[in-house]
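Below are two complexes that have chain A in common, paired first with chain B and then with chain C.
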Partner chain A sequence: MRKGSVYYFENAPRVRSYSSCVGKKEGEGPLGDCFDIVGEDDRFGEETWEKAESAMVMTSVHGAVSKAGLEMGDIGCLLGGDLLNQCVSTSYAVREMGVRFLGLYGACSTMAESLILGASLINGGLESKVICTASSHFCSAERQYRYPLEYGGQRTPTAQWTATASGSVLLSEKGGKAAVTRAMAGRIYDPGVTDSANMGAAMALAAYETISGYFMDTGEKPRDYDLIVTGDLAQVGRDIVLSMAGEQGLELSGVYEDCGIMLYDRDRQDVHAGGSGCGCSAAVLCGHILPGLEKGLYKRVLFCGTGALLSPVITSQGESIPGICHLVCLEAL
Partner chain B sequence: MRKGSVYYFENAPRVRSYSSCVGKKEGEGPLGDCFDIVGEDDRFGEETWEKAESAMVMTSVHGAVSKAGLEMGDIGCLLGGDLLNQCVSTSYAVREMGVRFLGLYGACSTMAESLILGASLINGGLESKVICTASSHFCSAERQYRYPLEYGGQRTPTAQWTATASGSVLLSEKGGKAAVTRAMAGRIYDPGVTDSANMGAAMALAAYETISGYFMDTGEKPRDYDLIVTGDLAQVGRDIVLSMAGEQGLELSGVYEDCGIMLYDRDRQDVHAGGSGCGCSAAVLCGHILPGLEKGLYKRVLFCGTGALLSPVITSQGESIPGICHLVCLEAL
Partner chain C sequence: MSNDEYKKLYEGLSPGSPGYKNIPFAFLTGGGLCALAQLIKNLWLGTGLEETAASAMTSVSMIGLGVLLTALGLFGKIARVAGAGTLVPITGFANSISSAALEFKSEGFITGTCVKMFTIAGPVLVFGISASVLYGLILYFLL
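Presenting the complex of A and B:
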């Protein structure tokens, strides 16, 4: 059922299991103990960064499936993607799995997008079990979007650190202690930012519009939630969202966090504004938020995936960076 | 409802309207008269090929919306993508539309993938009107995947010509003379082809597996359909599918076509094995297949989108090319 622009899942798909796999730096951050697998050298036994990212995807997908006591053959389809050109880290991982695959591209909003579409398939009775996944890798993404790693370019204060991380969620008709109860797909907003080292500012407007639109459509308030979390605006984008919300009388402070800030210790880990990358919100979801729903730390969470839909080609043509934000409501059962 | 791996849409989403926009060469092909808009110079008034592709997306989306007598504000969300890095031709087109957006990546299978997911949202009561779209542009894709256009590299006989084309379908709960009645998402198959100028061979196995799997799950036969069409295997891939089907006793000849062969005159237009690109199957769908369903030329069609999930980075690392094929069943009402 849809009211306004919000999908209401009457047969709310359950979060049956989930798993995360992160790199060394992410394992040294404040949430380091939360993740299932922390790599020793970010290579995950592979010879290239792209294949290392694929290995992380395989690890988190198989982790989620095995935690549920299932096998890959039990999964109806996998929905997901990553930041790489042609989403190769996901598709090469899926190649080894024999599972049906619907590839997505939402930049850093991909985890939320996969939950929306995966939940829609289950809610509509078309699937009984799906995997939703997203990943990113610092070394594969940075050289693709910005500079060769060896170049060692200086990073600006607004820059975000692409997380080496993967998270996978197994949604199911039954089982589990949390559910996807509602969702809202986002519109693209472009405030005119042309600096690809300032993605937080480019995505903040989309985040604000989706979050405020959700409260307008549902008639609820931020205080009806234990956590409203964006992924990943980092410090710059989060400050803009709080400022816009304050101006419009939307009381977010106290309940609003950002995965890009949660993943790293900014004082100690030299990540500048904070984390980014599809894998950042995916891993924080699977390492911290979903366990928090299971353990009673949270009852209701709004998980808001934010994506900067740029490419190096189009920004070099002088275009500004469009942002998008997809929202998913997660509730403890 | 799902039986085997086939989605059955009980509230079969209707094809309310559709529109296509193609380049000069495509306009000179056998289907040239079928398309709504044929460009004069493949630039569509823009200064870069990427922006030209975006302009084509806008043209076909607005075409579909206006043919239905609707406005963009009536559309719940748009699902689609393209071949470009970070799917920029679609996202920059959507930026101008103010519509909710779920970005997809399925390489040349994207049109079928968008129909599967768009139909799933409508069938489940989450949307009443969605746009499904896909596009490609010879000039933006070739320089990204293969060589700079100015280089003028010689093309091998197995090479396919990336279509300059865009197609958009407006699915709706009501109206229209055709419906999406069933669908099946595909698995990835990789027969080990490492030559990015031989994508037909890389995708043929996936196409065969999806088509034969569909007939196994439904208990139907190819003769139950007026047209089974892949998009886009071109001559090399189509021959492989026919050969595999023949060996397994699946009688495809007479009913099986390929969008990459239909779009061009191979004797006259120097496209080698035939067409490819997300836009090829999207435009053939919107220019020829859907009108054929409306006019009674076809009663039942299987539209099978085939994608080669490669990237230049991963093939340069020695990886072979994974193929996927998503199937959609379209029926005249």
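Presenting the complex of A and C:
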């Protein structure tokens, strides 16, 4: 059912299990102990960065399936994606799994997008068990979007660090202590930001519009939630959202966080404005938010995946960066 | 909110590069590299090379040093602090080619390393070669 722009999942698809796999730097961050697998290096036993990212996807998907006491054959469909051209790290991870696969691209909002679509499949009765997954790898993203790893450049303070991380969530009709109860697919907002080293600014307007639109449509207030978390706005984008919300009388402070800030210690880890990438929100979701819902730390959470829908080609042509934000409401049962 | 209003908002909230730190570091490391190059040149002169040959060998030595530091994974770490201090001298040019050559070797020697190694240094080569051809023509026909 849809009221305004908000989808209501009457059958409340359950979060049956979840798993996360992250790189060394993410393992050294403030949430380091929360993740299931932390790589000793970022190669994950593979020769190329793209294959390393695929290995992370495989690890987190298999982790979620085995935690639920299931096998891949029990999964109806896998929905997911990553940042690489043609979403190869996910599709190459899935090629051995023999599972129905819907490849998604929502840039860094992919985890939220996959949860919305996965929950819709279950809520509508088309599937009973689906996997929603998203990943990113610092090294594979750098070589696609920016410079070679060993290139000696200096980054600006607004730049963000692509997380080496993958998170997978197994949604099912029954079981689990948390559920996806509502969602809101975002609209694209492009406020004209052309600096690809300031993606927080490019995405923040979309995040604010989605979050404020959700509260307008539901009639609820931010204080009705224990946590409202954006995917990867980092420091600049987070400040913009708080400033816009403050001007409009939307009281977000105290309840609002950003996965890009939570994942790293910015003073110690040289990540500039904070983390980014599909894996950033996916890993924080699977490593911190979902366990928090299960353990009673949170009752209701708004998980807002943010994406900058750019490519290096189109920004070189002088185009500005469109942003998007998808919202998922998660509740403890 | 108009795009102009939004621009004012995000520019106000976006911290600028810390020039108070970056500029002195670039000055010190860039100057340090030049002093090192002078030392190397003196050594080459000491071996009995002519002035022009010693200068050329100094450039070769500094390029070799840049490539070596890149291959050892140290150049990026130094450059993070040094900034323009390592980027502007010939060491930065060496790093821009060798880092791309290393990065894309996973796509093959010809289709990876050889194709991609000039992706960053390409403009430097284009302008450098064009300028030297132009200079050569002027020298040949006019002087």
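We adopt the following convention: the second predicted complex is superposed on the first by the 333 of 333 C-alpha atoms of A that agree within 3 Å, B and C clash if a C-alpha of one lies under 4 Å from a C-alpha of the other, contacts with A are read in each partner's own complex, and residues count from 1 in each chain.
Heads up, the rule we're going with is that a residue touches a chain if its C-beta (ideal position, glycine included) is under 8 Å from a C-beta of that chain, and two chains touch if they have at least 3 such contacts.
Predicted model only: the values in this text are computed from it and were never measured.
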| item | value |
| --- | --- |
| Chain B versus chain C as contact partner of A:163, first or second or both or neither | neither |
| First, second, both or neither for A:48, with chain B first and chain C second | both |
| Which of chain B and chain C A:77 touches, first, second, both or neither | first |
| Which superposed partner A:234 touches (first chain B, second chain C, both, neither) | neither |
| A:243 touches, of chain B and chain C: first, second, both or neither? | second |
| Touched partner set for A:180, first chain B, second chain C, both or neither | neither |
| Touching partner for A:125 - first (chain B), second (chain C), both, neither | first |
| Overlap of the chain B and chain C footprints on chain A, listed as residue numbers | 48 |
| Touching residues (chain side chain A, partner chain C) in the complex | 47-49, 143, 147-154, 156-158, 191-193, 198, 201, 204-205, 236, 239-240, 243-244, 270 |
| Contact set on chain C toward chain A in their complex | 1, 3, 6-7, 9-10, 13-18, 22, 70-71, 73, 75-76, 78-80, 82-84, 86-87, 92, 95-96, 98-100, 102-104, 106, 120 |
| Chain B residues touching chain A - in the complex, by the definition given at the top | 1-2, 5, 7, 48, 50-51, 76-77, 81, 84-88, 91-92, 94-95, 98-107, 113, 116-117, 120-121, 123-128, 144, 184-188, 190, 309-314, 317, 319, 322, 324, 326 |
